[in-house]
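First chain written, first letter: the chains are A, B, C and D, and each begins at residue 1.
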């Protein structure tokens, strides 16, 4: 079961009404290919997307807090009521302390939401796996946004991450990110042991995101 | 022109569908009293509230970033497209660096949104006023959430803040917060020179928020 | 081999010349008892202590940075040249991101310094153990500074942490902290599987730190 | 009275014993030129420098905390006992929240230490001036470490900063930084209204720091 997660970041191409358009493209390609594609729009677009498109929706971040005095923070229950069924955690553009990662995972678990912890190398992937998230997404920071796929630039980091995670917690699925956008990148990632990919600019900023998604899943 | 801003924080009483119910109560009391009441729900509830209730809506925080690789961050343009027309900045539960406060103010200004910078004492109120936001909201942290109104516990901090802000920038309006929930608190704040108040738990967690709001505006 | 690490925090009782006095008491008790006692004074006192007392010295924090443009940050090589031979990392009063913990560990390793990663529960202890530090110090935050020893209040957290760490990396030694100050506390910690303890106020603020230390080691 | 502050950052060229060598060069050039030159070595080198060289010593950062449970944080009193008589605050490589800048200034004031708040543009310089530090050092981040002097690249930012600070607090002295290393840069800065400069790599990494310093002060 390959899993694709599309991170919208704060790109204008995925902001506001466009967040819905991209989600529709993801849904269409998911239906025609049979591969699960989830979207991670900005917080303020979650409700808009979930009201319009039937597709798995993730938040880009969640704080490990509950009901209370937490102005400006991101509460898992609020995300779920807005239609999210999972969240990224500890993305390289939103790093968290180790203690906060663990708290956020608890809050997702309590709300029956899926969790993706982002990491930067094999050692931190092992550490994240010890916290038992659903997924760990390894993204070498130096490749993010470059268009150079990690599966080509550094295939060893994927196989080593898969092995390190498996040793600690067999249930954790390793995704890989950074530079992935084409069908051959996804195919290579799966062959290296990844359970899916985390993508962003390669699809969001594509001339036609739907065409880009069709290419992405074409070799699976 | 008195201005009331209701911060929902992450209270369950203002999460999901309840965010709309409270906004409706605010709208009703605003219409009957003629006093401007704005609401600040959680990010993921902004679109839900703006789709249902015609009332000024603020975000609880905004990052000074633009379109791009800013996973998990809060983009002013996205807030505006979700229906927000302003934002809190630098709340005591979400402190920001001085450089980031200034960047966030710019991003609000560029999106024609109103800005409320929160501060903790007279000196930081003066500093915030130098950045030319629309409002500075002074909230002594030791009083937040206590139910002890700043207008009683420390009236001098309001008058001194108003004077300090005025000396630096006459256009900046000083709000006061912390412990405010009753009509006499609001009246006292206005008499001390404040242009309005920032409230939270006193209304959000009231048995009947609408009744609490009616009491709040009853002496103006 | 029991290991005792005394964290001075920023207590006046361990600041400036007093940092040397406490280090001398530690050295004396270490020599008479044969138990290793290390001290962790403030950064600016490291050189003063290392110039006067021959005892293992730790820093209270280190950033995972190298030579360069890192104003105000803590560079492992500088610590070592000031006489430190190890450092705390990720103390509850100085939490770090997961990626930064890993970088700091690398910088300590490269400088041949010992590492103690602080954690708050069993899950984060397992995660920290996956990063292969020399020690993990589990400190339930709710007990820090209370005088209630973790070995009495929550012995299960020590045994579970020891087991969780061992499963992931047999070489990692688990210390325990929070509320430890007496001989019976240290004895209980060792019997629960800890390799030593991390202490602070119980000794630093004792009427006579040397007497307190003598009591601490009296049952080993 | 021109003031020169040399920030060592974490350059190897100013770490350990080399921190003393550079301080000696500063003292010699200060004595021969009559211009005040202060040094800002790393925390762990402060005592080493103050024990060996009679020169004004600044820390690179200070937290606004007191005696207590503040592991890994930087306590003004400890800095002063290690020989520092001032500190940088809010450097671009160590940004602080507005509330923390104000607290740090208080702690320096209570310890009779001089304060330099770093800022990035005219608006934040005005805000910092409202907090009444001794100095504000304006450093456009895009020029730091480039060798392109701010006095040439953007002279307007200096004159505007001087004017903005003066309007708010006449006693605050504006320093300028970023790319300054030569005599003509310092001369230009002074002519634009600055009271001195903040320098780093241009001197620290110079082949011969003393020669570089002699050039720096040669046109005053």
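By our rule, contacts are C-beta pairs under 8 Å (C-beta built on N, C-alpha and C of every residue); 3 or more make two chains touch, one makes a residue touch a chain.
In UniProt terms the chains read A, B, C, D = Triosephosphate isomerase.
Treat the numbers as computed from the prediction; the structure is a model and nothing was measured.
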Problem set entry | Those chains which touch chain D (Triosephosphate isomerase) and also touch chain C (Triosephosphate isomerase) | none
For this session: Since chain A (Triosephosphate isomerase) and chain B (Triosephosphate isomerase) are copies that touch, just let me know if over half of their interface numbering is common to both, same, or not, different.
Result: same
Seminar exercise, completed: chain B (Triosephosphate isomerase) to chain C (Triosephosphate isomerase), mean C-alpha position gap in Å, rounds to 43
Exercise. Between chain A (Triosephosphate isomerase) and chain B (Triosephosphate isomerase), what is the separation of their C-alpha centroids in Å?
Worked result: 33
For this session: Return the distance between the CA-based centres of chain A (Triosephosphate isomerase) and chain C (Triosephosphate isomerase), expressed in whole Å.
Result: 37
Exercise. What are the residues of chain A (Triosephosphate isomerase) that contact at least two other chains?
Worked result: 92
Exercise. Quick one: do these chains touch in a line, a ring, a star, all-to-all (complete), or other?
Worked result: ring
Exercise. What are all the touching pairs of chains?
Worked result: A-B, A-C, B-D, C-D
Problem set entry | chain C (Triosephosphate isomerase)-facing residues of chain A (Triosephosphate isomerase), complex | 90, 92, 95-102, 119-121, 123-124, 126-132, 168
For this session: Report the residues of chain B (Triosephosphate isomerase) in contact with chain A (Triosephosphate isomerase) in the complex, numbered from low to high.
Result: 7, 9-13, 15-17, 42-48, 59-61, 65-75, 77-79, 81-82, 84, 88, 91-94, 144-145, 200-201
